[in-house]
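There's a structure below that I have some questions on.
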Amino acid sequence: MKITASELAVIVSGKLFGNKNVVLTGVNGLSVAKESEVSFLGNLKYLSEALKSKAGIIFIADGMDISQFTNKNIIKVPDPRYAYSIVLGIVEKERLRLEKKNIHFSASIANNVNMGINVCIGQNVVIETDTEIGDNVRILPNVYIGNNVKIGKNCLIYPNVFIGDYTVLGNRVIIHPGVVIGGDGFGFVTTNGKKIQKIPQIGKVEIGDDVEIGANTTVDRATVDVTKIDNGTKIDNLVQIGHNVKIGENCVIIAQVGISGSTHLGNNVTVGGQTGLVGHLKIGNDVMIAAQSGVTKNIKDYEKVGGNPIVPIKQSIKIRVLMKKLPEIYQNLKRIKGTLGDR
Amino acid sequence: MKITASELAVIVSGKLFGNKNVVLTGVNGLSVAKESEVSFLGNLKYLSEALKSKAGIIFIADGMDISQFTNKNIIKVPDPRYAYSIVLGIVEKERLRLEKKNIHFSASIANNVNMGINVCIGQNVVIETDTEIGDNVRILPNVYIGNNVKIGKNCLIYPNVFIGDYTVLGNRVIIHPGVVIGGDGFGFVTTNGKKIQKIPQIGKVEIGDDVEIGANTTVDRATVDVTKIDNGTKIDNLVQIGHNVKIGENCVIIAQVGISGSTHLGNNVTVGGQTGLVGHLKIGNDVMIAAQSGVTKNIKDYEKVGGNPIVPIKQSIKIRVLMKKLPEIYQNLKRIKGTLGDR
Amino acid sequence: MKITASELAVIVSGKLFGNKNVVLTGVNGLSVAKESEVSFLGNLKYLSEALKSKAGIIFIADGMDISQFTNKNIIKVPDPRYAYSIVLGIVEKERLRLEKKNIHFSASIANNVNMGINVCIGQNVVIETDTEIGDNVRILPNVYIGNNVKIGKNCLIYPNVFIGDYTVLGNRVIIHPGVVIGGDGFGFVTTNGKKIQKIPQIGKVEIGDDVEIGANTTVDRATVDVTKIDNGTKIDNLVQIGHNVKIGENCVIIAQVGISGSTHLGNNVTVGGQTGLVGHLKIGNDVMIAAQSGVTKNIKDYEKVGGNPIVPIKQSIKIRVLMKKLPEIYQNLKRIKGTLGDR
């Protein structure tokens, strides 16, 4: 609601005394109303409250003497309570229109979800308890968001996404369709009897600001502690991020990469498509790893590597060329052995 | 509705004059009714209209003289309007049963969706605005279909699929569960300050006739222009198709293949599982690429290649064998160097 | 409901005669009521039935002579029917609370689904016909379960999962978000005209007890017969299991592995991440396959292999080291050829 005192006087067909330009945006009781709020005097026993009220407009009964209301904006009406109810109606209608616009009726949102302003929630979205959704977040249909999740401002979450309990998203995060954030990490112990026991995964996932995660990518929750993807990092489709992995800022992870548990990447790391990293590695800053590499050891800052095993990128190209020459190498060697009578 | 005049006479407990075998399939006003439609004369001021009407059956009041209705099928009833309402009830009930059968009440379909005949839409399906769905399409539960999508005839879309804005599907397309078509392509620019900027992805995805796409496969929308999968091509599970990729007709792409942005495949190409192709390549027609290959250069028509780097398939098999002999090669070479006092 | 006769007397403000400790858990008619059930005598014509009734408590009217009710527990009330209705209210309220707790109203469950006790079903879940759900199963929101599916006891199924027709799950199975079980296998025939024909996939998927399947993993249904994952096997994220694959007990399959159609794994097999297996292989028991391997032949029990082609793990490590020496090998060979004047 955003109407002037004079517009309000017309709406309730009353007589305005005072500042006709004061802007009213809400309603409230005499004692608590602000300068921008409308209130009413429905019963004389509240007269003293009315005289002290900060309300921008007070509805009073036609019969009353307004001289006692110094520096107040008054609208005289036959029935102050009725006039007030008209304004209540306007406020309510706006609230409903707003809700209808922003949150689809089929969404299932726990009572104690803490929602920011201008949040849009699509059809069949489920949001569990104790979760916080920041301002201007858009959650598209058929998304599931678990308990105790925190989602920052201006995030966009596409359909069919799963966000598990205790996940934290920063601001301006984009999550593409089918992404699974916070599924259980792959942790098991094999007991002597060959029976495999699950290790409960009770950690969380933390995703920084401006992160984008591609379709059907999976990010496991930590066993304990946290799986972390830091500010500005972009992850492509069908990537697997294991439990307790940490990825620094502004990294680029191309499609179908797999990063095993507890491996840490620095900042500005680029990982080519379909590359795999074993667990518990330390990858430095500004590292570049070629596509389809197999990384089984730590990598220092600024290194550019490729291959399986990984070697400096130039060397890996040379090796790839020489692999083509293996038949030639083998033939030459055989002939030389003959020449030398070697056996 | 499909009933004969004589059956209809029984239903409205009226008296039939004329062809008792005429088949009635609907209802309509006197002036517009066809031979297969039922109408009624509720008011004598429409008598002339009734006499000219093509309606297969006209309800008239008991008292009327039927001699004036030449070559018309008439059913006399106490109240023509009431008899007509009974028929309306039958039509309405069938319409509802049909709807109930075809479109689940929980589906959320924008008003201006253009739907063909005999479309089945499951629970919790969401279809956004300006979208067209062809005849006999089945969309299973929890599918999301965006704005301005065109889906051809006889398509089958399994649960939990995402189809993004402006996607076009041909006829007889099968999309398996969890597929994401039209997610944003992976396009970013790294500004000097290491901050990564997203390149908006505003292109579309076009999928031809008789295409099948396997579970949890992802097909990115084009940056601009189109990502295209042509008629008859079959794609397995967990495949990644980058933005602006073009795949020709009758190709077979096995599971977990990754095709990077702007790479074009010809017709009848087979790509083995877990193979990766870098971006901007041109792959000819009738090409066969072995599993787990790494393709970094163009491939001509009819070539059969494998390995990383790719070589003719026969050679790649030889190389694979010789790799096993590397220890032997190395030992021989060392011994020869010794013999020759080489250092 | 679980209340004693004396508590019940208080609730209906009646007078108890008989065993005040008898525990009542339900309600029923005089002739069918059990010792644990409450009934009432509302009309004297049923007196003989009341005298023969096994009911744990019978409400009778204040005026009646109770001496005739030998070894029965009686509560005298002004209006037996009214007292009975109070108990009905308690039972109904509990039933509703239970339902509300267990099955969300937005779930769409076919009429002939056979549900165990204490099953929890979340929002927007769809369960098709002739399906059985065991005791204590939890199905989270937006899951789709097809026709003729059998799910054992104590299973946990996360959101956005697809379980296709005829799938069988054992007990204590955990299915993570986005998993697709029972999508069509990838089976086609290419007819001379280059047109590819789909082979209908009509088999099923059978999953044993204590199996866990990671996020967005896909398990294809068999062409005919069955795709099988046996007891205790754990599968990571984004794994592809082809049609008619059989995986033994207590296997561990790491992320992004692909197993092609009809390949059989024994028990206690470990497959490293991103490894691919071609179709129709026989892998023995207690086999270990290193990450990123390419398996194109059978493997015997207890073998530990790696590489592409696979070799014993020790040898594959040696080969990986020697690949780095290829440039050195090539240079030496060239020099030696020079020395020997070889060409």
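To keep things simple, chains are lettered A, B and C as they appear, and every chain counts its residues starting from 1.
Quick note on the criterion: a contact is a pair of C-beta atoms (placed from the backbone, for glycine too) under 8 Å apart; a residue touches a chain by one contact, two chains touch by 3 or more.
Small disclaimer: the values here were computed from a predicted structure and weren't measured.
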Homomeric contact chain A-chain B: same or different residue positions, threshold half: different
Angle of rotation relating chain B to chain C [CA atoms, steps of 5 degrees]: 120
Rounded Å distance between chain A and chain B, as computed from the means of their C-alpha atoms: 31
Per-residue overlap in chain C, given as positions that touch at least 2 other chains: 106, 124, 142, 160, 178, 216, 238, 256, 274, 323, 329, 333, 336, 340
Partner chain C, residues of chain B touching it in the complex: 104, 106, 122-124, 140-142, 158-160, 174, 176-178, 210, 212, 214-216, 232, 234, 236-238, 249-250, 252, 254-256, 267-268, 273-274, 291-292, 320-321, 323-324, 326-327, 329-330, 333, 336-337, 340, 342
Residue ranges of chain C in contact with chain B within the complex: 106, 108, 124, 126, 142, 144, 160, 162, 164, 178, 180, 183-184, 186, 188, 190, 194-196, 198, 216, 218, 220, 238, 240, 242, 256, 258, 260, 274, 276, 278, 294, 307-309, 311, 315, 318-319, 322-323, 325, 329, 332-333, 335-336, 339-340
